[in-house]
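Some structures to go through are shown next.
Both of the next two complexes hold chain A, though its partner changes from chain B to chain C.
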Partner chain A sequence: MSFEKQRIELIDTCKNLLKEGKVNLVLGFAEGQAEMSASPFFIRTPEETDEMKWDDACSMTLAKYLLEKKEGAAIIAKPCDARAIVMYLAENQIERDKLTIIGVECAGMKGKDGLAAPGCEDCKLRIPPVYDILVGYGDGLEAEAVQKAADTMEAELSGKLTRFQKEMEKCILCFSCRQACYGCYCESCFIDREIPNWLPKELDTGAKMVFHLGRAMHLAGRCVECGACERVCPSGVNIRYLVKDLAEFCEALYGYQPGVNPEEVPAMTTFDMNDKEVGFIGGEHNEACCGS
Partner chain B sequence: MKHVVVPKDSIKDLLESLMTDYKIVAPVREGQTLVYKAVNQVDEVILNDEAAYKSPKEFLFPQTEQMMVFSKDGDIRITEDDTKTILFGVRSCDLEALKIMTAVFTQGKFIDTYFEKKLKNTVLIGFGCQSEKKGCFCGDRGLNKGYSEACDAFLTDNGDQYIVQIITEKGELLFGGFAQIDSQKAVSCESGGQALLEINSDESTLFNNVDWGRISEKCMGCGTCTYICPTCHCFVFKDVVEKGEAIRYKCWDSCMYPKFTMHASGHNPRASKKERYRQRILHKYLYVKQNFGYTACTGCGRCIRSCPVGMNIKSVVTEIMEGLK
Partner chain C sequence: MKEEMMVEKREAGAGWEPKIVAFLCNWCSYAGADLAGTSRLQYPPNIRIVRLPCSGRINPLYIIKALVDGADGIMVSGCHPGDCHYLTGNLYARRRFTMLKRLLTTAGIEPGRVHFTWVSASEGNRFASVVEEVVVKVKALGPNRIREGSERRSDVHEF
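So, the complex of A and B:
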C-alpha cells in the first residue's frame, strides 16, 4: 500500500457511499491552488470523488466543518481529526449516528518545507481512535522515530517568560489560531467580550499574552494536538508547546487524555472532592506535574 | 521625470544618515518571514525579490491607534503624532493600495485627520518586483510589478546599483544628490495596463445570482486575509477606561468576524460566513469602485498565500463572472 493505493480505495469507498445515498456529503481533499498543495473539498456527487486528493500534503483538519454539517456527512478522518470527533462527541457537539467516519491509517503529513507538518512530528497514532470504515495504508508503515519539534518548557521561570514573550512579539492578533482550533468553538470568545473587557486595546506583547494564555487555559485537557494553530498562523508563532505542557499536566493530574474515548467524561467538566488541587492557590504541591 | 543612479553600497549609508530625522520602516527578517518593521540598524534591511507576508498599511493605519484622552473634569486631549517616517521598499501593489486607502480616508465629506497627517509625514519609497510570486496577480489587476507612480521615489534593481525615479519633491530631498542619468536609458516607467479581473455587474444580480453559500463553504472565517490585505481598512472605535481616564482607540476590525455587524438588539444582518464572505468580495470589487472609482484589490496575492484552507480570491472573482455570463 501507499498513498496512491489508499487514495484509490478512498475514492471507491466515497463513491459507493454517495451512490447508495448513505451520505449526502463527503469532507475530503482536493488539489490546492497557488501556495496550497491541498485544500478542503466538499464532495456531493459520485463523479466528483475522482478529483479527490490524498497524499502527505493533506494536513488540513476537516472535522471543524462537522459543526456546520450536522447531518448525513461523511468525513475522511486522520487520527487527529478522529480525536477531535471524539472530543465533539464527549462535549455533545455532534451526534454519532448522523455521521460516517472514514478513518485513514495515517503515515504522517508533511509541511511546505518537506518536514513533518505541525502536529505530526510527535504523533505516534496511526489508526484513528474512532471510525466506521478504515482505509489502511498497508504493510511497512511504522511509527518512525521523529525528532521532537514542540519541546516542552524550560525549567527556569525567567527562561519561560523570555521565550513566551519572544513568541508573542510575532503574533498579530488575527485570531486565525482560534478559528482553526478544534477546541475553540465558543459562540462568544472571551477575547471578544466587552463586559468584562479582557483585551487591552493597546496591542502590545501584554495583550497578546492575555489572549494566548486565556486560550491555552481553555484548552487544558482538551487539545487533541492536531497542530492546526501553528499551521494556519501567518506569522509563524509557536504556541503549541504551552498547550502541550498543559495537556501533560492534565494527564498526570487526572489521568485524562482528550480524544480517545467518547464515553469518558472530559477532565474539566467533572468535579470530584478527591481531585488533586495543585492548580489552585493553596492547593497541594505535586512535583510530578510542576517540577521542583 | 528625473532619474538618478544609486550604487547599492550607498543605500545603507543614505538610510543611516536619515535615521536621525526619520523613523525608517523597511522589510526585515523576523524568524523565517519577511515583515515591514521600524528599523533599528540599517544592516537589518533586506532588499531582495521576496514579498513580505503582510502589507505595510499599519504604518499609516495602525492596528490600534490612540486618538484622544478624556479626563474626569471634561478635558479632551487629542493625541498628536508628528513622527516623520520613511516607508522604504514598498511594492507596486502596496503603493496602489495606499492610493485607494488615501481616497477612502481623505476624500469626500469625512476626512480622517490622523491618516492624513501620517501620510503627510511619510515618504514613500517604492521598490520594483522582478518576479511574480506564487499567488500574485497584479498584472490581471492592471498593475506593473516593476513600477508605480504612487510614491515619492521608486527604486529599480539594476545589478550593482539602483535606478531611482524621483517622482515628488519629497523624493528629490532624499535622492536629489545622486548622479543623474539620461531618462531615455533608464528603465521603463509604464504604469501597467487594463485590468482584466473585474466584477462588472450590479449588487442585486450579484446578491441573487451567485451561490455564495457554496463559494464560501471552505472559509473558516479566521480573518487572516483582512489583516494582511493592503486595502482592507475597516475599523472600530473603542473607549477604554484606564487609570481614571477614558482613552479612545481606533482599531482594525474585520468583516470576517461574526460580531462585525452585530446589532445591540442581537440581530446580525450578516449572520453566517456566506454573507460575510460576500461582503468581503463585493466591498473590494464593487462598493469601493462605486464610491471612489477604484477596485480595492491590487493582486498582491497575500490572502491566497496565507489562507489556511486555500481560498483564492482570483478564482472566486473569475468564477463569479463566468457564472454570470
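So, the complex of A and C:
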C-alpha cells in the first residue's frame, strides 16, 4: 500500500510550497463526511497540510476550482485533473505560469463498491501529461491499478434508442453532471437561458434529451474522461457512453486527443479544407457513421 | 384538434407524409432553393425551410430540438467548402455536423433522418434531387420514434 507513502510525500511537498510562499493555496483532499469519501480541501497554511487525505477514494476532479483561484494556486493533479488543466490552458481559461501542478502517479480510484470509480475503469494514464512536481506511487503500481471491464454494449440501432431512453428516464434534471464537469464552465449554460428557452416548461424525457444531447455536443472532442458526471449523478445516469464514443470518433477522424498537449488547437475550434465528410450526402466514408 | 393532429402524425401508412425541417444558408442553398422554384422544378413539399445566415450559424441544438419535438427528418445545406460567404463558416460547421450525426446515431436516431449536404446558388437541379433523396430516405424510416414509449409533453409543436 503505497498510497500512504504518497500521502506523506504530498504533505511534505505542500508544506514546503506553502512555507516558501511560492503558493498561497493548495487544492487537495480532506476526509469526506460520508465513509469512503473525500471532499475538496483548500489548504492555506503549512499546518493544515497534516489533515490532508490521499487514498483511493479521492476520485473527485479538482481542476474546476482553478477557474476561481487563478493566481498562486497549487493543485494536486491526478492524470484526469491534469488533462482538464491542459484543456483549460488550450482554451485560454488559466495561465500556466501562475499555477503549480503537483502531479501524482495514479493507481486509479475506487468507488464505494470497491470497484474502479467511473472514469478509472479503462484509464491507462498513470502519469499526468503536465506537472511541475511529480509524486510517485512507488513499487506495485500496476498490481494495485484497478481495472474493470469496459462497457462493451454494442447494441443494434433500435437497442441504442431504447438504451438512450432508459438513461434519460432516470435523469431528474438536477444538473449535477454539469456542475461537476470540468468542461461545463459557461457562465450561463444554454439550459438556464430563457431566451431562447431550450428547456420546456414540462420536464419530460424530451427535455432531458435536449439537455444531455446538447451537453454531449458541447463536450465533443473535449471530454477528458474523468467520470465526474457519472460519479455525482444521484440517479445513476450514464451519459458518458455518448461522449466517450464521440471522443473516439474525434480522435480517429481528426487525430485530436483532448488533454494531452496544451499547444494543440482543440479539434472543434479549427478545420481542415480536406476534412472527411462522414455521413454527408455524397460524402465519403459513410460506413464509418453506421452506414447511412 | 391537437390530439387529432398528433394521432395523424404518428400513424405510418399510405397517407403518412414526413415533416422535414431544412436549415439552409442564405447565400447558397436558399438561393438554390429559390432557383429550383423559379425554374419550376418539382420536388416533394415535405420540407419546411428555416433560413440562416450561414451553415456555421446552425447551432446543433436546433437540430436536436427539432428531432425531440417531433420532426421526422432534418436536412442541412450550406455553400460548398471554399465557397462560404463568410469564408470559413461552413468548414467549422462541417466538423460540427460530422460529430452531431455520430452523436445522434449513438443515441439511437437513424442516420437516415439527418442529412447534411452542400448546394450552391446555381444548383437548382441539385437542390430538387437532394430533397427528393432525403424525403425518400425519411419516408422509408417512418415517423420519428425518439419519444415513443416515454412520457410525452402535452403541447406538441406543429411545423
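Observations on the model:
One rule holds for everything that comes next: the second predicted complex is superposed on the first by the 264 of 292 C-alpha atoms of A that agree within 3 Å, B and C clash if a C-alpha of one lies under 4 Å from a C-alpha of the other, contacts with A are read in each partner's own complex, and residues count from 1 in each chain.
Everything below uses one rule, namely that a contact is a pair of C-beta atoms (placed from the backbone, for glycine too) under 8 Å apart; a residue touches a chain by one contact, two chains touch by 3 or more.
What you see is a predicted model; the values in this text were computed from it and never measured.
Chain B and chain C, once both complexes are superposed via chain A, fit side by side.
Looking at the shared chain after the overlay, A:78 reaches neither chain B nor chain C. By the touch criterion defined above, A:42 reaches chain B but does not reach chain C. In the superposed model, A:215 makes contact with neither chain B nor chain C.
Applying the stated contact rule after C-alpha superposition, one finds that A:168 touches chain C and leaves chain B untouched. Comparing chain B with chain C, more residues of chain A are touched by C. Contacts of A:236 after superposition on the shared chain: chain B is touched, whereas chain C is not. When the two structures are aligned on the shared chain, A:53 is found in touch with neither chain B nor chain C.
In the overlay built on the shared chain, the residue A:15 is in contact with neither chain B nor chain C. Contact with neither chain B nor chain C is seen for A:7 once the two complexes are overlaid on the shared chain.
Between chain B and chain C, the shortest distance over C-alpha atoms in the superposed arrangement works out to 5 Å.
Applying the stated touch rule to the two superposed structures, the overlap between the chain B and chain C interfaces on chain A comprises residues 200, 202.
Against chain A, in their complex, chain C makes its touches with residues 60-61, 64-65, 68-69, 81-82, 88, 91-92, 94-112, 114-118, 130, 133-134, 145-147, 149-155.
Considering their complex, residues 157-165, 168-169, 190, 198, 200, 202, 204-207, 209-210, 213-214, 216-217, 220-221, 241-242, 245-246, 249-250, 253-254, 267-269, 271-273, 275-283, 289-292 of chain A touch chain C.
Against chain A, in their complex, chain B makes its touches with residues 30-33, 35, 53-54, 63-64, 66, 134-135, 214, 217-218, 220-224, 227-228, 238, 240, 247, 249, 251, 254, 257, 259, 301, 304-310, 312, 315. On the chain A side of its complex with chain B, the touching residues are 32-36, 38-40, 42, 60, 64, 170, 172-176, 178-180, 192, 197, 200-203, 228, 231-232, 234-236.
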